[in-house]
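Shared between the two complexes below is chain A, which pairs with chain B and chain C, respectively.
Moving on, here comes the complex of A and B:
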């Protein structure tokens, strides 16, 4: 008997016996059924909760029961292995459940107003008792604001990250990196206030006969402030993952540094960079506070991002959700569904574009 | 077109750490020179100093002078890019560009330096891949990813990429250390072929390889960890492996080192 053999007799593997028993599936299922039955009995017998608690408690009982029974049959090591595996699966399911729940709620409640009217009309002249009205103006606003914000923040962010990774040495780079980290934590309302006091109150009067003016562009500026640190940090991480020997390989061919970055480093890191950009875009599309502060929101269609109030989808959701009209909640749900669908479509499109061109299988 | 390389009193530093101490050697054109020695003795550092790849690492610098046909490559007004175009390098681990196909990898040096004509690129791709003994294996799948080849093929692709830009000198930093004997043989054959056109310096841990391929051999060593590496002996390969002048060299090549 070696040091490893202190387990259930007949179960343990020795040099002479490398076989071990495995837990039959039927037993496994029986444990599951038993665990949930006990959980149901406890929860409903003591009247301490509903089916949610039954599921949670049942899962816990199942894990414990499985571990105990498997320990008897398969030996301790195999049982621990099994328990850990179940734990990881359980965590995965637990993480996906809320997401599935959100999607389900959005679809089931948002389907009500998913009609042509919703995507073709604005809220102009829609009173509290009118069932019509749509989010056309809000969709335009979101697309324009997020689009302009992306156009501003992506070049700045990617170039900034290239500086930090490829050129930045010494104190200045450290300082830049520190402030980018600080910027990551800026609450969106603060970005909104910054643009309100700087752009709307100080700069915009120059273009509007001395009168400060809300605009979609101001919202785009605020969103760009929020997107910038996310893009810089994610791009920086992705560029750092590009192996140094690739750069040296290009240098050794007599390729200048800027060309190496452009043709070797960036393409290699592209899929990751696009993922980071899409995270930033998704966050910006969902921001409500800065849009409320500096674009003001509107009921009518406004294509001009520089002229006057503009709506956005998230702001539309916020306003409709708090509206007194009995038709407003349906509009809010459909707008929320539209927003999620929009971000999803953009993300999928970006991923397809960024696939390492024709080479990736 | 191959060039003579003359190093005099080259010392390399990583920050304050001195990696090699006043190395002097002359490499004749169209020869193969092998650098051997224990790990950490500075032979790779010296090699990387020859095409100014050393200074890519932060804090790395060099003292002394390195001339290629009487031009000091460390003069302040020298363009690093031009030096590296003249002196190509093959690295220890194959590093084909992952976003490029086999064809694009082979002509990467030309393409990234502005050659656009398809006819020229096609010709250069075939010529360099043939020179690297790789053409027959890949001619039907030039548009496949370069990273999908086997290790030995990748290394030969990297050699093809290096010679496609027609350098005068090719530096090889343990090019066969990750390869099997058959691929190693293929690359050694290749070096003999390339010798007609290029000056080659190769760092290797494989003494049989050094004895097989090189005309001259330099033996680097360190006294103890933390000391800078020195060039102990530099002579004809024949002489180094049969009748070395230094006791240290003899100890190393007979396996009695340390």
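Moving on, here comes the complex of A and C:
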């Protein structure tokens, strides 16, 4: 009897043993039910916590139980795969909970003061006992500051990106690019302190009889410092996507480089550039710390960005949050809702614009 | 064309991106930016380059704009130092070791030790909590979720990165404080033998609350950056792992994670930079204290940035200088962290370009 003819038990190929065995769904559910039952028994039996602990312990027991049972049926490696997958899904659920809570609180608490009064009045002459008051002055301030900051940072940022993509070669360009990236990480409060020590304390006394003066313009300067690297980076990305043959076509027709950039490269990349700018604007509109340091905040309407204290929406939220009046939290939440709505509208619009962008990567 | 759900310009807020396209020139067409050489091949008929032309002007203008970034960074350091030095000279305490912040007194005395400690501790808590969750979500979005779910979920995460910090601070103070207080009391009841959870209250407005709020804020940034890195894993590596019989997790562990490691480190460091500099969320959630304590759950805690926001209103000249000095320290720390992170990203890019 040769070796080939001998039948080794268990090596016969049948549909049962050529597939690896998988854990039945019913067993999976049973483990889950068992884990939570044990957790509930432990927690309430020893009286060491409430339902939150039951959920946490139950999830832990479930993971362990699943690992053990699946290890028996499917093998160690498949069990590990399952455990990791469960962990990853659990992390997602865990992360979504607080974020959903933020959104829910914003809407439910912010809806309270969402009336015409809120958008038409300022906080001037509003005492601690007055339920009225609104954010008109703050909205004006935010729009002016962000508008001026955009006017300053967009030309600088776009030109800087043009330098990096079209002209910059060698060490200097690499350095600039590196520090643009580093500058995106500068904390907003540092930008505020910079403008405080530069503009408010040193420059503004020249125009104000030697007295330092807060102003909306100073806030705009600080916001521009924050927006600049963001705009440079996003514009640079977009300019790099413009196909080379477009440029070469223009050069071949004898168009000088500056004209090529202005009339061929920039228009081609325009939707993407606008998207980047809108995202930068959205981020700047939400900044609180620099405005607190250099615009100071105000209760009254101030249209003049150069003349004295100005409020902004995010600063309004912060100040109302610290206010002792019992009506202040409502105002703070409504202002926060307004701010988030403003920022999200800008962001979503920017992303929709990005989708229509014809330059794809 | 058109639809690209997972790239950087439309993720986060346009910055912080990890892009492979840095080292290359514009498109693949070289630009004739070097006009200095004489035209080759006897191009005598070509017009000569004018000495002063719009071209030169435009070029100079854009170069100046690019250099502006360097100017601003240097100016930040210079102006902060110029305002910080007088206050530091007036300081009667030791700026580095003093546990006190009284720069407005006639004998100003202030030190950054407690503030720097609080900044670092809250950031560490934030990273310890946020990084595993963020990496899990990134893996979920890049390798586990079906595309129909991954695209909108990624979009939502990107939107969250745009929510202003003051909103998170307000939420942390008004809503999140309750569950954190309950949790702190529970921890204190059963684990008070661990020094981290000791003390006898009051609990709630603690460094743990601040750290957890920071974690929620850092989460979207770390997630979207590491998702991008994971998505860049060469499909070949993944398929090779799967073809050798790896389970999905083994594929992730052997192909995706090693490939993305430098990018993940950089993403974590950028998140750290964000956490270190966060101001308003911490100003709203911490209750001010000037000491070094490892107790996570008792009221207290402070950070450099939060202290600037809190004590700016009543600061006099020296006080302002002292705050600027603390801001200078913060600037230096975040600069180092960010430069390290960027250096890692840059090195990796070269490495990959050479390998490809």
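To be clear about the criterion, the second predicted complex is superposed on the first by the 237 of 361 C-alpha atoms of A that agree within 3 Å, B and C clash if a C-alpha of one lies under 4 Å from a C-alpha of the other, contacts with A are read in each partner's own complex, and residues count from 1 in each chain.
Operating definition for what follows: contacts are C-beta pairs under 8 Å (C-beta built on N, C-alpha and C of every residue); 3 or more make two chains touch, one makes a residue touch a chain.
Bear in mind that the values here come from a model prediction, so they are computed numbers and not experimental data.
Asker: For A:243, is the partner it touches chain B (first), chain C (second), both, or none of the two (neither)?
Answerer: A:243 contacts both chain B and chain C.
Asker: Regarding the shared-chain residue A:253, is it in contact with chain B (first), chain C (second), both, or neither?
Answerer: first
Asker: Applying the document's definition of touch, where does A:263 land relative to chain B and chain C: first, second, both, or neither?
Answerer: first
Asker: Is A:230 touching anything from chain B or chain C once the two structures are fitted on A? First, second, both or neither.
Answerer: second
Asker: After superposition on the shared chain, which partner residues are touched by A:153: those of chain B (first), chain C (second), both, or neither?
Answerer: Touch status of A:153: no partner.
Asker: Which chain, chain B or chain C, ends up touching more residues of chain A in the combined arrangement?
Answerer: C
Asker: Who does A:279 touch here: chain B (first), chain C (second), both, or neither?
Answerer: After superposition on chain A, A:279 lies in contact with chain C alone.
Asker: With both complexes overlaid on chain A, does A:204 touch chain B (first), chain C (second), both or neither?
Answerer: In the superposition, A:204 contacts neither chain B nor chain C.
Asker: Quick check on the superposed pair: does A:289 touch chain B, chain C, both, or neither? Answer first, second, both or neither.
Answerer: The second partner, chain C, only.
Asker: Going by the contact definition given at the top, which residues of chain A touch chain B in one complex and chain C in the other?
Answerer: 169, 243, 245-248, 251, 256, 356-358
Asker: Please give the residue numbers of chain A that touch chain B in the complex, ascending.
Answerer: 169, 243, 245-256, 259-260, 263-264, 267-268, 270, 356-359
Asker: Of all residues in chain B, which touch chain A in the complex?
Answerer: 51, 53, 56, 58, 81-82, 84-86, 88-91, 93, 95-101, 108-109, 112-113, 143-145, 158, 161-162, 165, 167
Asker: Considering only the defined contacts, which chain C positions touch chain A in the complex?
Answerer: 1-4, 7-10, 13-17, 19, 21-22, 24, 26-33, 53-55, 58-59, 61-70, 72-73, 75-76, 79-80, 82-83, 132-134, 136-137, 139-140, 144, 155-156, 158-160, 162-171, 173-176, 186, 190, 216, 219, 247-250, 252, 270, 273-274, 276-280, 283-284, 305, 308-309, 312, 320, 323-324, 327, 330-331, 334-335, 337-339, 341-342, 345-346
Asker: Looking at the complex, which residues from chain A come into contact with chain C?
Answerer: Residues 48-49, 53, 77-78, 80-81, 84-85, 87-89, 91-92, 94-95, 98-99, 101-102, 105-106, 109, 155-157, 159-160, 162-169, 173, 175-191, 193-194, 196-198, 201-202, 225, 228-234, 237-240, 242-248, 251, 256-258, 261, 272, 275-276, 279-280, 282-283, 285-289, 292-293, 314, 317-318, 321-322, 329, 332-333, 336, 339-340, 343-344, 347-348, 350-351, 354-358, 360-361 of chain A touch chain C in their complex.
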